[in-house]
Amino acid sequence: MTRITRGYRFVASHRLHSAQLTEAENAELYGKCNYPFGHGHNYSMEVSVSGEVDGRTGRLVDIGALDAYVDRQVIQTFDHRDMNQDIPQFRDVVPTTENLSREISRRLKEEWKFTAVLDGVRIRETERNLFELRET
Amino acid sequence: MTRITRGYRFVASHRLHSAQLTEAENAELYGKCNYPFGHGHNYSMEVSVSGEVDGRTGRLVDIGALDAYVDRQVIQTFDHRDMNQDIPQFRDVVPTTENLSREISRRLKEEWKFTAVLDGVRIRETERNLFELRET
Amino acid sequence: MTRITRGYRFVASHRLHSAQLTEAENAELYGKCNYPFGHGHNYSMEVSVSGEVDGRTGRLVDIGALDAYVDRQVIQTFDHRDMNQDIPQFRDVVPTTENLSREISRRLKEEWKFTAVLDGVRIRETERNLFELRET
Amino acid sequence: MTRITRGYRFVASHRLHSAQLTEAENAELYGKCNYPFGHGHNYSMEVSVSGEVDGRTGRLVDIGALDAYVDRQVIQTFDHRDMNQDIPQFRDVVPTTENLSREISRRLKEEWKFTAVLDGVRIRETERNLFELRET
Amino acid sequence: MTRITRGYRFVASHRLHSAQLTEAENAELYGKCNYPFGHGHNYSMEVSVSGEVDGRTGRLVDIGALDAYVDRQVIQTFDHRDMNQDIPQFRDVVPTTENLSREISRRLKEEWKFTAVLDGVRIRETERNLFELRET
Amino acid sequence: MTRITRGYRFVASHRLHSAQLTEAENAELYGKCNYPFGHGHNYSMEVSVSGEVDGRTGRLVDIGALDAYVDRQVIQTFDHRDMNQDIPQFRDVVPTTENLSREISRRLKEEWKFTAVLDGVRIRETERNLFELRET
């Protein structure tokens, strides 16, 4: 089995604040990420696909088609956007990178039609923080 | 002469929009960076100092003291902040990274008391964009 | 169990073109990678080995011996070479990085005599494209 | 299931030398790493945790609390230290990075109280050498 | 004065061989880079521009327009190409990265119409080799 | 004029401690770097040379010959060594990276016979600290 991991980039802003918590609890829980006007990141995203290589073309997946799909499902929605304001799913859900990873994974699965299997999504928020979604 | 370059990081959000331009001009000029709710970046900043090495200590500058100064003058102000809302200087000035570099350089010079000379500030906004301020 | 991943580098050129396809199909399928005279990459390769650490030496594998083996089996063959012209296995097989990964993996297994197990090969072709071979 | 990988850094020195081997065997086995006065590295360490995301906070783990724990259990002990002289566990055990990984993993498990599971430790010793510990 | 450095990438192949030298001299001088069928690299290119920031827009240069210009003058010509075969200037000139830098610089100057000044071109051929052109 | 920057790596250990200072002053001045048994780093070094490109060969400098020279003058002396114990120049001089840069620069100039000019040495000690020597 072969696995290909393809890298993407987008930039976005977010503010971590839960309507279910008091101001003090929000400040305590999220720290600087709770500052009122938000902040942002350069996100890098890795999408992995796996499966059998086509013997005739030597290819596992058409990377151009994968790029077009990822662009349509994810990049166009998140790039240069404010998650709290621009993404409907984050109206009532705190846009932590844990939840962002889940939302991106959901969007990637939504209309997946490649014969290769979607085999993992990884979001790097900062040099020190990497978030990964795994099917159990 | 010896030069030391020390790296720092902060995250912030901004929106590029000039009150002196029409909506159409703003959209044309700034593109995605003009989206209404803003976006953000992981900024990395390099501060260079140069001068003569102290023969007794083998040191050009006390890096701990430099860190404390940079933290006080820059990082505490910009980290996890929205430039348009949180930074008074960007009330009437568009927070492009060109202007951000100038503002950071101004703050670094403001109370500079090290014997080593401040010898350049570089702001990396994305993997592809680096901004550098030079005294002419 | 401990796993060590060791990094290697080589540079090479290739052209993606299948004799089983028409000119138009090749151009459509491989895009710029089908340009007639080929192009090249800086490849970085990671070889992972796993097993039990030797209690007496504190070592899982003799890295010097691993380097000599990888050099003999892979680097000397591929480094500064044109895959289509210099590698017999790519006479009739398109040298996509999927197939390159398989060929490199085959060569690594060929005379593997280390007690540590060969536990994965990863080829990075560009900053955005990573290829990984997994035994199923 | 979600997995978060958090990065840390420390610098340290070590010398590879086994009291159970002759001088000639040590020189042969460890090469330059056996030079009498030792050498050092910038280590980077990745600690992964996995589990279910808290629906209320959108968080898998309190990263601030994780940082404090890792600092107390690992960084304060190893940072700017000589492993052979400063770390009791390396009195009779050769401080190879294989053994360092095991020792760090042991210290991380020692008082682990997070609901998220400790899911892997990786130590990068040089650009080319990565060591990973896996539970079997 | 402000300086912006913008990064670009392209992949290409080349063979180092001088018609003015004997086979033995070529092999001696260029080593592996003289292998008959050539090899390739992932090139990364930095283009620096400097000048005064426009007070109204906060911009030194229109990066979108710069990208379009660099794409037309350089990337479209070199990306996925074989320098010896595809680039007329390398018919009689050895495509060393020294000469590649000069050729790229010449193409960038050819129709430069930006008010900001072209202030340096840097070509990274491998992780270890960087080539820079400076006007004297 | 063309400038080439070539990268090298070595690992070493050092302890910052000045015989001219009291124990308390050393602890205050050097902090963790004064711990009694020392620590170490992965150093990366960049050596720049500049001059005119040879029209016949397309080369500024014979990189193989440069590597051999740098290896002989610097790498063999510093790699896997303890600066305080193994390097005579650091018997009475504190091996700060400022002083290390000066010593490496001195060794590079010592028998320099290339027609290209030695145009800068940069030592990266950690991801955040870069030291550069400039002729005034």
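Order of writing sets the labels: A, B, C, D, E and F. Residues in every chain begin at 1.
Throughout what follows, a contact is a pair of C-beta atoms (placed from the backbone, for glycine too) under 8 Å apart; a residue touches a chain by one contact, two chains touch by 3 or more.
Since the model is a prediction, treat every value here as computed from it, not as a measurement.
One of B-E, A-B or C-E repeats the interface of E-F: more than half of the contact pairs, counted by residue number, are shared by B-E. Centre to centre, using the average C-alpha position, chain B and chain C are separated by 42 Å. Centroids built from CA atoms put chain F at 29 Å from chain B. In chain F, the residues touching two or more other chains are 127. Taken together, the chains touch in the following pairs: A-B, A-C, A-D, B-E, B-F, C-D, C-E, D-F, E-F. Residues of chain A that touch chain D in their complex: 16, 18, 20-21, 29, 31, 93-96, 98-99, 101-102, 127-136. Considering their complex, residues 9, 11-14, 32-33, 35-42, 79-82, 84-86, 126-127 of chain F touch chain D. Those residues of chain D that touch chain A in the shared complex are 1-8, 50, 53, 56-60, 63-64.
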